[in-house]
Amino acid sequence: MESWVVSNVVVALIVVGVAGLAWFGLRDRMWSQALGELWCRRRYSVLVIAFYVAVALLDSISWVGGMEAQSDTVARYKAQSILDRLFADTRERSYSAPFADREFYGGAALQRPGSHVLGTDIIGRDVFYLSLKGARVALLIGGLTSLIAIPLALLFGVSAGYFGGRTDDLVFFVMSTLASMPGLLLLIALIMVMGKSTLAVCLALAVTSWVGFCRVSRGETLKLRELEYVCAARALGVSELRIIFRHVLPNLMHLVIITGVLMFSGLVLSEVVLSWLGIGVDGSWGQMIDQARNELSREPIIWWNISAAGSALFGVILAVNFVGDAVRDILDPQTLRQGE
Amino acid sequence: MLEVAGLTTSFPGESGEAARIPVVDGSDLEIAGGEVLALVGESGCGKSMTALSIMRLVPKPGRIVSGSVRLEGRDLLEFSVSAMRQVRGGEISMIFQEPMTSLNPVTRVGDQVVEAIRLHEPVSRSAALERCLELFVQVGIPDPQARLRAFPHELSGGLKQRVMIAMALSTRPSILIADEPTTALDVTIQAQIIRLLRDLQRELGMSILLITHDLAIVNEMADRVAVMYAGRIVESGSRLDVLARPRHPYTQGLLRSMPALAPPDERLPEIPGVVPPPGQWPDGCRFATRCSIQVEECRRCVPEMVAVADGHLAGCHLVETGQEPGGEA
Amino acid sequence: MLAYVIRRLAYGVVVVFGVLLFLFLLFFMMTNPDDVARKALGERVPPEVIEQWKVNHGYDKPLFPSSSNLTDNMLFEHYRRMLTFDFGRSDADDTLIMTRIREGMGPSLALTVPLFILSLGVAIPFALLVAFFRETYIDRTGVVLSVLAMSVSILLYIIGAQYLIGKLLRWFPISGFDFDPQLVVRFLALPLLVGVMSGIGGNVRFYRTVFLEESNRDYVRTARAKGCGEARLMSHHVFRNSLIPLLTQVVLAIPFLFTGSLLLESFFGIPGLGAITVDAINGNDFSTLRTMVYIGSLLFIIGQILTDLSYGLVDPRVRLE
Amino acid sequence: MNSGSRDSALLSVEGLRTWFPIRQGLFRRTVGWVQAVTDIDLDVPAGTTVALVGESGCGKTTAGRSILRLEQVQAGRIVFDGVDLCALSPAELLPYRRQMQIVFQDPMASLNPRMRIRDTIAEGMRSFGIGATNAERTQRVAHLLERVQLDPMQMWRYPHEFSGGQRQRICIARALAVDPRLIVCDEAVSALDVSIQAQILNLLADLQDELGLAYLFITHDLGVVRYLADRVAVMYLGQIVESGPTEQIFSSPQHPYTQALLAAVPSADPGRRSGAPPVSGDVPSPSSPPPGCRFHTRCPHVTERCRREMPQPVSLDDRVIRCFLASPGGGAAEGAGQGGENP
Amino acid sequence: MSSRWPATRRHRLAWMLVVACLACTNNPYPSSDSEKKILYTSFGDAPRTLDPAVAYTTSAHVITGAVYDTLLEYHYLKRPYELIPGLASDLPRSYRSEDGGIVYRFELRQGVLYQDDPCFELGGAGRQSREVLMADVAFALMRIADPDVNSPVAEPFSNVAGFQDFTARLSERREADADFARRPVRQQYAEVGPIDGVRVDGEHVLEIALASAYPQILYWFAMPFTAPLPWEAVEYYDGRQGRDRLADHPVGAGPYVLAEYNKQSRFVLEANANWYGALHPEWRAPGAVYPFEGEERDRQAGRLDPAVVGRPLPFIERVEFRREKESIPYFNKFLQGYYDASGVIKESFERVIHEGGLSEEMRALGISLEKTVQPSVYYIGFNMDDETIGTPAGERARLLRQAMSMVIDAREYARLFMNGRGVPAQSLLPPGIFGYDEAYENPNRRIDLERARQLMEEAGYPNGIDPKTQRPLRLTFDTPDTQAQARLRFEFFTRSWRQIGIDVEISATNYNQFQEKVRNGSYQIFMWGWVADYPDPENFLFLLWSEMARSKSGGPNTANFSDTRFDELYLSMKGRENGPQRLAEIREMLKILERQRPWIELFHPEDYALYHGWLTNVKPFGMSFSTTKYRDLDATKRASLRADWNEPVLWPLYAVTLLSLAVLVPGIITFMRERQ
């Protein structure tokens, strides 16, 4: 299947999933209260994140065709996202031209902010457009990795904590083994061995980041297992599997959310370092920063390039960190330390 | 000796500073020298907060809003921070409910007592240790010499509470505030601690403000009793007055619903409903929502404390109007 | 106590074996030694030379032991070499990896030890200050600043510091290193500054959380009730108890001082183990990378044991048995 | 062994032993045992209340949980309705789970905070197939909530929206949902304020009258015991030291520990203040109980024999006592204690 | 209280010490060195090896070229490049031998010594050095022939009679006799016997007999590969028992010795006291004195100052190489005066260069600029074995390649990524190489979008649409360079191709995956560069010789180009002296390439070198040849200028301190007041 079809399907699934969760969350008093509280405390951060998500979604829904007016034949046959279409060269006069050959050969590289809101980069691409495109990559890195790492961590953590014994020994051993390898090096080694691709980067990030949450969820499960309501459920003849799904997992959900939020910023920041090492994801802000890094020494200084990518990155990380803090306070003040 | 008047302590509400919710609402207390006053009430009625307010240890963001706390005539609320520090642990000491967590877990208990001594008196460490040893003997800690070097986790709950008492007594305070000192302890240990406190009080001639929810302990220890409900004192008087001849319906209800006093196989008289949480206290008499004999007036205006006997006050409209709420004692 | 240490070490050894197995799977089963050889020797190499190179570097043996051949295989060799610290030669340029580690350790320590001490020395007082002034604007500002500091990529810190302080203000050399102790201070100033800056946000926030959590405990109330002043409370009671959670972080960080800092070292031209690792990554030098991961894990395991032991020292409640 | 009531007992426990291993080291070798419950015998006749009393750490909670097979039992028989539960596989045990339920001390910890009240109560019905449809179960939940004097409209709320007393009612409703014959109340009223405690005690009494329930009431509060229980068993360090009808135990305790315990209870009677010298010292650790009689370290009447030999339970009329001094003819401990009776 | 006072004072002292240590200076060198004649330069990654038979990179030759002196050298100033005698007393005489082959006869100066080194103890206890003999040159050549040494230049030497035969004999013996293989290599070589074409005649004469015509071989004698190498060094530096390896420890007879070699941070070259220039100044050997003549522009640039002409070399006593991984810090340090010479980094180009010359600012600093076009070429190559883009697709693919060639604007590329420092390439021959024609314009390298589109149509891809898939033609550009910065460059190309409707995907994979693809021949487009070994067209044209095809022999012809006429012409041109016939042959070869387009030639990079005023006698040199010994510098001038340029700007420090105090103090005061 074409990658853009996959992307559209995934977006559709995500939208449906989020809508479902939102419906459930707003209906459920406990979650809607938490959401309301979050909105009260971190309105602006939530809006910022929503903006990034919206941009990422605009960049994820794509289809082929409808670009006949374009001079670029390749683009005509390639899936173009909504964002790409918004910035297509029909709008050149009003705004900017990411693929404009004229500008390119007319010497529009490294233009100061002006007719291009944030200027252009060394090969004449619009920096604003590139920064927006980075949002999708960042969310992809954060989201896909969390999607791999958290269920994995939950599976191992909960089964180790709940069943104990040999299962626990084995999971604990795997955890200590993985945890004892220096994170960044392991990450690099994994990517070097798996080859450089978005999926490989996400997989490697997942392998290096699931241990922390696994440990937290194992510890929490150990605690939950001893709680009286679990005991009561057992006395009521509820099956072990149902206890896990009805009594243990729901009470880990707040940790899942907190970890997910906190993990996100860490993942996006590690990608920057990976980009510098040449094993990052194409189109990420990290790559932009690395590409723009040297332009800083030009005279006169080319600052718009790196600052656009840097601020886009900073903006989302800051918003996520603020929201993460709030989420942590709202959902569970006791897990402050384990969340670190 | 200690006179608390109109003490009000409040916490910010959901909507912030603008709507502060009082947790202690105009309490009046008086403790004479050498007397044991028991402040009794159910959980959430503000008795612990009263004690912390006296010590000016209300946790943030709570704040004492009004009232006065007079220790031998001086208003503690107007003391400077450093002067108050001298009062704490000097003239007024305090012991807490949970001996498990109230001691610093990483410091030897001897050192903790020594610290308390040296914070108030310029004595050498060895002299302070000497004193500490004496105190340990006094509070009945077996093998005191060895216990000086013990860490809190090496001691049982009873011993920890004895250490707490030793620490509180180290500077010979004139008042000891004991906040639920035996709640976390087993019955046999509780009996030991009660006896110890009673003996020490007599020996040293100090006053004790005993905070508890257990009327049996009040009976065992107190000279006078003040009953608190929803941030206010509703009845006060001598032990016999209050326990044997309660005048406020709440006090009466409490006493009647104690299973220890009730004859078996009879239905326990119960007080319906629950203590309303701070912020949801009714306007008039706070007990009105649960009171079985309330009248219209109860819901409208706050009853005054009226003397029903010599030194026996009760805050109930029915007492005011001369009606006797619940005839029997 | 001794029994505990022995048991803890034994488990450490088990984990080391696990780590080695993982590394074996990663580096031997999933990579083709021919490619590594070609990268090291150049494009136009006759096959015999590649074979010879594989023999020299021990890539020519069968992967797994068989019943007839227990020792002459890569798995056994891998374990033998790693466990005896006989790391062999680099895949890229045939230098002895051990020599290289020995050479790189000094510069790494010269950077990381002061960085470690400075980070603690800056972050802990700052966190104590913020915790002391809790619920005031100093606290709020401190927290916001911490989050701001955390949200900036370390790459931007490095680029910014080199540009601003190195180039515009000319305070310190932009990069470089020297073994002369008088000179090295100049070179380390900038990486230290960047290192402290990039870590301070997270550290202050973490320490503040720990301090605040401790200062809400009952024994703090007891100390207040016996007349203890706020400053003494922070230093004598809160801080001492906070040491226990802090230790996990701090003691665990100590072994990693030896492996240096990947980014700082390679950006600031410090010839430490971090820079060696980055070179190994860029040079497809799997044997060096493998060794560095192994050493990192080894140090981590030691660090964990040290952490557990230090709990016993700091927390009287913990009995090591 | 115990006397006559055996045949009519709904639950009878014989020689129950629950020890927890203390594991250490790399290979988790067992280096010792926490002797939580050691060889206890107990009968709960149908429709009656038996109280298990003791101080914290005496093993009474473990005993309760062991009876419900919520802990791994080392030895002994738990005969419920004529069937030894210890011999059953988990699947075979299931029908018996329905007949025995438990109510815990901390009503907050015993309710899943992420589950609605309705689901919490209906969970047991679901697993035992009570009520064919969801709607039917909801109906039943409403009925149960009414029975424990709660508003059925509140069934869609979460536990944190209720007060402590209400939560305890919910726990009771959950236990009742599967029509049990025995409810183990593990400190069920200890965490409640006096006024609320009275409400719950009354509720429990009402339910017993209506449904003929048997209670195993585990508590440290002798006041409650005296009010509620038909029979009392006093535990000390994992053993039952004395058991018998409530009235007898309270009026003439035989075992020195029972005497001390009763003496230590503060009197709420304004006319009386307890003046007895309380028993000294602390409870030893259950992982290394003293040899001989377990109470000998604190016993005022200790003899050389007590230090060496462990006394065996002795039946005296309707009572069982584990003390050398309580020989059928003797009652040597009588002189001591009961100080609580004198003002 | 009184006891606290000294503590405070100690505290303050410590503070002052810290401040003094940091003392805000950016000088990276000890101040004691500031007056010494030390040349400061840098390296990026340490060379993998310094073994003269193997080291083939510019970074290695900077060291090996200075440490290993060769029989021949280049003239420092003259262009086109000219060989002069080095260790040889004169240029070699050539004559035809009886069997018709050409023989070169080299004569070595007598009394030339190696640098002092412990390895010479192998030749007798207490010996620190020994005389250089022609046997050492023969030994070096045998090492090149030795398959175990894996010399990258064995191929050109196969023109020497019996060279490959020696290789074959050696491997055969080794395979047959394990005992033999364990012996020291000197013994092995002695046993297997000399290379037929390498004849040592006495101690100081060497004759090289060629089996086939290869006049370019003389250039190899100006490179470290053929430098005399003492067998003691090979035997001693084997990497065992704590001894270095030869790859890390050069032992030569050159003007410098390697005094310090830390691959992670620093190399140091120091003047060799044993160098023949220092031992025998009376020889006034051409390689040991500053040249007397040069080009006209050398006179203008002051490189032929009478004060320096004929002075004994070297001038600089010490060269320090510091590691600089990144060009920007290096350049900034150059501007601060801490490096003596630098290239112009693209990022600072506008600042440094103004209308082709130095900017006002740079001139004010006393910096001078030297430009040279390097004898090298960068190109995009097509895999001629590929089904779509190579020979199998026949004429269609040729048109496609032509079209693709017509849209890559090398001038724009050079402008964007190299600040225009590159001469757009019309053919693969760079300026200064025989056969280069300034007037030649490659019709298929002219940027002509219309024509390219037309060609696409002719090739059967109208508008770039592949008739098979009905979508734009999809090709892959493979590279092992995964750096983010490199990606930009590749994107430049893909965007250009997009204009004619070709959809080129950049596949940046790690080295191993790239290797895998190359091995399987599953690559289509790649980018590569070639730097000349010696200034002869043969050194470029062999890159497309079918014998060198990667698919066939693993050679450097990665395009797998194969054309019989081209091969014929190549072999004929190779043995010829420069002349009209050779020129005609070269022209014809270029015509074939013009039409076939296995490559899209991009540019010949132009080197802009900057020098501080205190560094003199600098002339850029295109060949890989160490010129350090000719350079000179004025350390006093350098020291004073450095001090002027590096005054730290301190006011922000004070400002930040004041600001933080201003924020903190009122807060603390308010808080304290509130607490009272």
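Labels A, B, C, D and E are assigned to the chains in the order they are written; within every chain, residues are numbered from 1.
Heads up, the rule we're going with is that a residue touches a chain if its C-beta (ideal position, glycine included) is under 8 Å from a C-beta of that chain, and two chains touch if they have at least 3 such contacts.
Quick caveat, the model's predicted, so the values are computed rather than measured.
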Smallest count of steps, each to a touching chain, taking chain A to chain C: 1
Could you name the chain whose Cα mean is nearest to the mean of all protein Cα atoms here? C
Distance between chain centroids, defined by C-alpha means - chain A, chain B (Å): 54
Geometric centre distance via CA averages, chain E-chain A, whole Å: 43
Multi-chain touching residues of chain E, meaning two or more other chains, are 332, 510, 675
Chain B residues touching 2+ other chains are none
Residue ranges of chain A touching at least 2 other chains are 192, 276, 278, 286, 290, 293, 296-297
Touching residues on chain D, where the partner in the complex is chain B: 55-56, 163-166, 193-199, 201-202, 205, 220-224, 226-228, 246, 260-261, 263-271, 273-274, 277-280, 282-283
Per the touch rule, the chain A residues reaching chain C in their complex are 173-174, 176-182, 184-186, 188-190, 192-194, 265, 269, 272-273, 276-278, 286, 289-290, 293, 296-297, 306, 310, 313-314, 317-318, 321-322, 325, 336-337, 340
Residue numbers of chain C touching chain A in their complex, please. 11, 14-15, 18-19, 22, 26-27, 30-31, 147-148, 150-156, 159, 163, 167, 206, 209-210, 213, 245, 256, 259, 262-263, 277-278, 281-282, 284, 286, 289-290, 292-293, 296-297, 300-301, 304
Chain C residues touching chain B - in the complex, by the definition given at the top: 134-135, 216-219, 221-229, 236-237, 240-241, 244, 314-317
Give the list of chain E residues in touch with chain C in this complex. 21-22, 24-30, 45-46, 48-49, 56, 147-148, 150, 152, 171, 239, 245, 247-248, 262-265, 322-326, 329, 332-333, 336, 338, 510-512, 515-516, 554-556, 646-650, 652-653, 663-664, 667-668, 670-671, 675
